[in-house]
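Please find the structures below.
Look at the two complexes coming up: chain A is in both, with chain B in one and chain C in the other.
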Partner chain A sequence: MMPVVLWTDLLVWLLMAALVGAVLLIRRQPHLRAPWGRVARDPMAMAAALVLAAYTAIALLDSLHYREALPPGPQGEVHYAPEVKSVLDRLLAPLVERQEKSYSAPFATHAFARETLTGPDGQTIRDFPRLIHGGAHLADPVRDRAADILARLAAGLGGGLVIWLAWLGLRRGPRRRRHPQLPWRAMDVTLLALMLVVGALVALAPHYHVLGTDKVGQDVLYASLKSVRTGFLIGALTTLVTLPFSVGLGVAAGYFGGRVDDAVQYLYTTLNAIPGVLLIAAAVLILQAQMEAHPDWFETGAERADMRLLFLCLILGVTSWTGLARLLRGEVLKVRELDYVMAARAFGVSHGRILGRHILPNIQHIILISVVMDFSGLVLAEAVLSYVGVGVDPGMYSFGNMINGARLELAREPVVWWQLGAAFLFMFILVLAANLLADSIRDALDPRTRQRT
Partner chain B sequence: MSAYLLRRLAYALPILLGVNLLTFALFFMVNTPDDMARLHLGVKRVTPEAIENWKAARGYDKPLFLNVQASGSGVLTDTIFFEKSLAMFAFEFGQADDGRDIGNEIRTRMWPSLAIALPTFVIGLLVNISVALILVFFRHSYVEWTGVVLAVAMMSISGLFYIIAGQYLFAKVWALAPISGYQDGFNAARFVWLPVLVGVVGGLGAGARWYRTLFLEEAGKDYVRTARAKGLSEARVLFRHILKNGMVPILTGAVAVFPLLFMGSLILESFFGIPGLGSYTIDAINAQDFAIVRAMVFLGAVLYILGLILTDLSYTLVDPRVRLK
Partner chain C sequence: MKGLKVRDLQVEIRSGERRLVPVDGVGFEVAANECVALLGESGCGKSLTALALMRLLPEGADIAQGTAELDGIDMLALPEREMRRVRGGRLAMIFQEPMTSLNPVLTIGQQIEEALTAHGDASQPGIKHQARELMTAVGLPPERLAAYPFQLSGGQRQRALIAMMLAGDPEVLIADEPTTALDVTVQAQILALLKQLQQQRGMGLLLITHDLDVARDMADRVAVMYAGQIVEWASRETLYQSPFHPYTQRLFQVLPAISRRGQRLAQIPGNVPGPEVRLEGCRFSGRCLRVMDRCRQETPAWRQLSPDHGVRCHLADGVDPMAAPVAAPAPSETSASPSAGEGAAKATGPVLALQGLAVHFPVRTGLLRRTTDVVKAVDGVDLEVHQGETVALVGESGCGKTTLARAALRLLEPTSGRLELLGRDIRQLEGEALRRQRAAMQIVFQDPFSSLNPRMRVGEILEEGMRALRPELSGQQRAAGLARLLEQVGLPQDVVGRYPHEFSGGQRQRIAIARALAVGPALMVLDEPTSALDVSVQAQILNLLADLQRQQGLAYLFITHNLSVVGYLAHRVAVMYRGRLVETGPAAELLTRPGHPYTRLLLGSVPGRGLPETPASVPGGQAAAPGGGCAFAPRCPQMRRECLEEQPALRELAPGRQAACLFPLV
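On to the complex of A and B.
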């Protein structure tokens, strides 16, 4: 086994490290703890945070890549498989391996389309063939299926419930006494819901295609789980890319004024003037052309797709820093006229020190709010961009690609709805959780809303 | 006033030039005409002659900035930059890869785009403001709480979902509208109402929430408290005071995006088969027709700047304290 570190893997783990660092920092500083404590006391925010944590866990598991070792050759040399797998793939191996021929509905035991089959007595008939894997353990699918599903569902839900109860009994007592202000009931209910869903899926997914299969017979649940990483990365990494531009240029424009201000304003007005989708489309088209001209740049298809994802984040970042930069410029214009900043300047404190000690702490809430608010919009934007054809690599799992691949199938009779439904559902929960958390963070950090309530 | 306008127009020129240079750099320097030719002719086994022919047919066989072989002013004018980029300032967009005139195409496709975008925008604005007013009227009650939660849920749903679900339910299952297509004249209404409905519903969540914040901010101001202290009814305060003052940022914001309506809606038009500028752009992106994309970028930039100027003008109209110098 050879570990493979893709660029996006590296960045997403760095981001996680930064997040942990930030949490540790906030815990030690009382003036930072106060607003975040408000977030922690908000039941809706904590429930949303738990759901987001579940998504993050999936994305992180999918960000540990490796290539499997092939059986050693005659001279004992070791070769590695060309495909790059992740830990998530390993965990979901039962889903990956159970490929059908083509479409099948959720929990189906028979394929979606009729085929010419050979009956037991040799004559050919047209009928729905049995699936290779879905419900293959049933002797008589028509009679046994409902009972089997119910039994497995009950077992899964029961398992989830037991784990949840165990957690309650083991961990909650002392913690609850230490942090009585946290919304424990909302968190417990969310956790219960998560546990029940996971339990049911663990019990059912190895035997049925819980969300059906897609055109090439791939399990839709697997595709949805793999898409989580793509959406999460686009939301998280893009904001990471925008920050140096928006903070650096916005603060510089506001603080130094004059020529710098003119230049920055010109830059963002020009960038704003270009319709966002078109600029992204132009950049992605050119990237595509360059990649096609140089197939030798990438060793594996995964690296190629990864590079394209990274560039998409870069391009999205370069086109979307203007809004925050403008906000920051306005705020810095106000802050730099405050008495203590004037005093610092009169004492001859250096620019860097004034920026670091006086300006940045006063605008950090704007940066944070904008980062969390942008996340959900970017996840949604990915789907639209993939539909336009300038999104992530077409071979990559993403919500946009899932929707794109499935939308023409609505014209079929009966309708193939599960692929679209799964993509929209997974996306909806992710975006809703992000929006709810972002709202709560904004309310807690923004001094204006704090005064009003 | 006219001096102000002139100054704004003069200020617009460097921005347009910047847009122009940026797209030029993207399309001709990062991605050279040779790359473009190879992309269109297929990457493998292209002869140099085929590339040269392709470039010559589209006028890409000239130097980028300076033509040292030409005489007189041709040194500057007989170049790709002058012919393909600067010509846009005269709204000469040249030809698409299929040989059709882009400017002509834009003029005919503008109207279907407007037929969708204008009603979506106006109706959307009215609906959003009404919903926001209802939420503000019932503030601190379950009506508001439910409304806000619904709005957050609605803005968490992908825009593609509204389109796909709307098209499926209304056009396919209930057969109330054609699935896609467009006709000119009065027949257009038959094709237009469903995309408009989808557009309005899709924007409702984010819009209502945004206007609610605007109105709430207005409702916290002193003059509102005064109005209430005078004993005015809540409805009167809401409509005569809050709405009237809240309209200032709403109207000026609307004016800013108004010119951009000409660009049409990319996704809506492409799903409903409306032959407008949005679907034109998407088709161009899919066919990798850089000439059209370049033209649309320039057009978008012009309309954006127009929106900025109109915003400033509208401030003077609705807010007498603002004077343009």
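On to the complex of A and C.
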């Protein structure tokens, strides 16, 4: 087995490390702790944070890549499989392997389309064939299916409940209530819901296609779970790309004013005047052409798709920093006139130190709020771009690609709804949780909303 | 009885399980044709009282109990529908901030007419006529009905607001700090206008103020509020001649005035307690000099000393209600401290010397940003500040005081002129050389809330200057310096690890002073250092500044609009008008015998000496400069034809005194 570190993997783990570092820093600084304490006491925010944590866990598991070793060759040399797998793939192996021929509805035992079958008596009939894996263990699917599903569902829910009860016991056990100020009720309820869903899926997914299968017979649940990483990366890495531009240029424009301000304003008004989609489409198409001209750049298809994803984050970042930069410029214009900045100037403190100690700490809440608010917008932007065809690599799992794939089938009768429905459901929960958390963070950090309450 | 009668008013704020009572059992009355002042420091609950009477309390605050009768009808019990008719009709209120009280997208006329339609039933032409009458009544030309709020000066806006409030022909008008945001000259006019309207219309006027002098000019009766309660209630004569409550007595003693020059001001220790701090017993007991054991345990009841004098104090128990109120013994600690350098050492050269200093801001317009005009914020100022000397720079807002101070510190680039610090020309210095000079000049700002970085600990704030300007100091030396600084400004040593938001305004101002002192300056620019503070805290800061000057021979350039502070503290005064000095001279002489008509106008506007006689005069404001003549001519009562033709330069009136006037008063 050979570990493979893709560029986006590296960045995702660096981001995680930075997040952990920030949490440790916040815990040490009382003036930062106070507003975050308000977030931590908000039931809605903590429930949303738990849901996001579940998504993050999926994305992280999907960011540990490796290539499997093939059986040793005749001279004992080791070759590795061309396809790159992740830990998540390994965990979801039952889903990956159970591929059908084509579409099938959720919990179906028979395919979605009729085929010409040869009966036991040699006659050819047109009927819905049994699926290869979905409900294959049932002797008589028509009779047994409902009972079997219910039994497995009950077992799964029961298992989830037991784990949850065990967690409750652990939490209330020997070290009782270490953080009594946290909204434990809301968190427990969210956790219960998560446990029940996971329990039910664990019990049902190995035997049925819970969310159906797509055109090539791939399990839609698997595709949805794999898409989480793409959405998460687009949301998180793009903001990472925008920050240097928006913070650097916005703060410089506000603080130095004059010619610097003119230049930055010129830049972002110009950039804003170009339709973002055009710019993105142009950049992605150029990249695509380059990649096709140089197939030797990438060892595996995964690396190619990864590079394209990274590039998409970059180009999205380059086109979307202007809003925050404008916001920061205005805020810095205000802060730099405050008396404590004037006092620092009277001490002859250097520009760098004034920016680092007086300006940045007093605008950081805006940066943070905007980063969290932008996250969900970018997840949605990815879906739109992939749908249009200028998003991530077509071979990559993403919500946009799922929607794009389901597009044509919506005209079928009966409708193939599950692919679109699954993408919608997963994206909806992710974006809703991110927005709820963002609202709470804004309420806690923004001095204007704080005064109101 | 006509008028407003408030009984036992209590306002509570509930947040979760906490219940705060910022107004606790307030009672007073405002008769028709009477002005009552509600006097108190910030946070004592006076504004909440007014809002409660209007039933306009902010969300979360509620009236817990009490009655407020207007002509025998309890307004606190009225249903909201009927209250809406009373509000703005029989009971109206003017707010402090004229900038935000008017809707910027409607003309003055539209807003006055709106108020008229809401409370009258006049037909359209009648309304126009009434609006014009109201404008005349408040001393504004009726043509200004078509003006938008931004086209009016601050004083004119306050007049327009008063006109709106008069539209409902109120029986009682509540004015919440109506002049705090205005210059003294405008303040005097607005106060006179209010007084005149009150008497003409037989209105009751409830004036909410923190200014003892304003109350003295305006009020017939005064209620003194402290920490949510009324502690003393008396007619003006009684209160100002023989105040009974220790708090009221102290308030009079902490006021700086020219007669207290060279003396230490009396202080009230500590700060006004907020509603979250509730003391057992008497609420003033923690700061009272005549506190007894009983005060800390037992809440004093209201006692009537005479029919028109009530007080909430245990000291009143032994007083025969019919006997004349006892004048309180003057506190003894006003013992004179050595005068803060009345004959300041002038042997050495000046610490700061300005010659022809000018700051012009170009007005750029158009695509190419061509300079089309220049705003001459400071236009040729000569000024010297010597060691151990306080020079006060006074003038109305917008006259260029702050710009001058910032240019003197090279926080702004002067356009021309000479700028010398300790004999060195610092206008030409750049980079490192300028940075080294910065240790000698420091600044303390007006607003203690925006002058300290909320994200830094006090220790870091104080060390910042030392790190930047005296990098040779070791960590240990810095810590020692820090300890010494805190002692000098009277703060405990444990503040270094705390953040600014934990401190009150006065304490923050001490931190700001310590920050400036940390680098060992010779010159301190004090930009209105006490105008954001309560009077009792102001005295503490002024004493501290005087002490520091005596100990370290600091030179102060003191920017202020408060002439009583000038009289108390300054050695010399420079009066500024539209970017130029119009008069300079020793404080004692200049304040008693002004040489320039503008100085006299300023002095005449100071409250506490009666109201000016011509209240309805349209304020000149900062009218456009006449071509070439004296800038003050349009507002000058002594203006002659020559004034419009020749711009006067500063001329010697007497040794050490100069005025820029063709026809000086002395």
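Everything that follows uses one rule, which is that the second predicted complex is superposed on the first by the 448 of 453 C-alpha atoms of A that agree within 3 Å, B and C clash if a C-alpha of one lies under 4 Å from a C-alpha of the other, contacts with A are read in each partner's own complex, and residues count from 1 in each chain.
The definition used in the following text is that a residue touches a chain if its C-beta (ideal position, glycine included) is under 8 Å from a C-beta of that chain, and two chains touch if they have at least 3 such contacts.
This one's a predicted model, so the numbers in the text were calculated from it and none came from an experiment.
Engineer: In the superposed arrangement, does A:Ala283 touch chain B (first), chain C (second), both or neither?
Structural biologist: Only chain B is touched by A:Ala283; chain C is not.
Engineer: For A:Val390, using the defined touch cut-off, is the partner it touches chain B, chain C, both, or neither? Pick first, second, both or neither.
Structural biologist: first
Engineer: What is the contact status of A:Tyr266 with respect to chain B (first) and chain C (second): first, second, both, or neither?
Structural biologist: first
Engineer: If we overlay the two complexes on their shared chain A, which of chain B and chain C does A:Arg357 touch? Say first, second, both or neither.
Structural biologist: A:Arg357 sits against chain C, while chain B stays out of touch.
Engineer: With the two complexes superposed on chain A, say which partner A:Leu70 touches: chain B (first), chain C (second), both, or neither.
Structural biologist: Touch status of A:Leu70: no partner.
Engineer: Where does A:Phe347 make contact in the superposed view: on chain B (first), on chain C (second), on both, or on neither?
Structural biologist: Second partner only, chain C.
Engineer: More residues of chain A in touch with chain C or with chain B?
Structural biologist: Chain A has more residues touched by B than by the other partner.
Engineer: Tell me which partner A:His31 touches in the superposition: chain B (first), chain C (second), both or neither.
Structural biologist: Only chain C is touched by A:His31; chain B is not.
Engineer: Just checking: does A:Leu338 make contact with chain B only, chain C only, both, or neither of them? Give me first, second, both or neither.
Structural biologist: It touches chain C, and chain B stays clear.
Engineer: In the complex formed with chain C, which residues of chain A make contact?
Structural biologist: 30-31, 338-340, 342-350, 353, 357-358, 361-362
Engineer: Considering only the defined contacts, which chain A positions touch chain B in the complex?
Structural biologist: 266, 269-270, 272-275, 277-279, 281-283, 285-286, 289-290, 292-293, 376, 380, 383-384, 387-390, 399, 403, 407, 410-411, 415, 420, 424, 427-428, 431-432, 435-436, 439, 452
Engineer: Inside the complex, what are the residues of chain C that reach chain A?
Structural biologist: That would be residues 406, 409, 411, 434-436, 438, 441-443, 445-447, 450-456, 461, 464-465, 468-469, 499, 501, 512, 515-516, 519 of chain C.
Engineer: Provide the residue numbers of chain B that touch chain A in the complex, in ascending order.
Structural biologist: Residues 14-16, 18-19, 22-23, 26-27, 30-31, 35-36, 38-39, 43, 152-153, 155-161, 164, 167-168, 172, 216, 220, 260, 263, 266-267, 281-282, 285-286, 288, 290, 293, 296-297, 300-301, 304-305 of chain B touch chain A in their complex.
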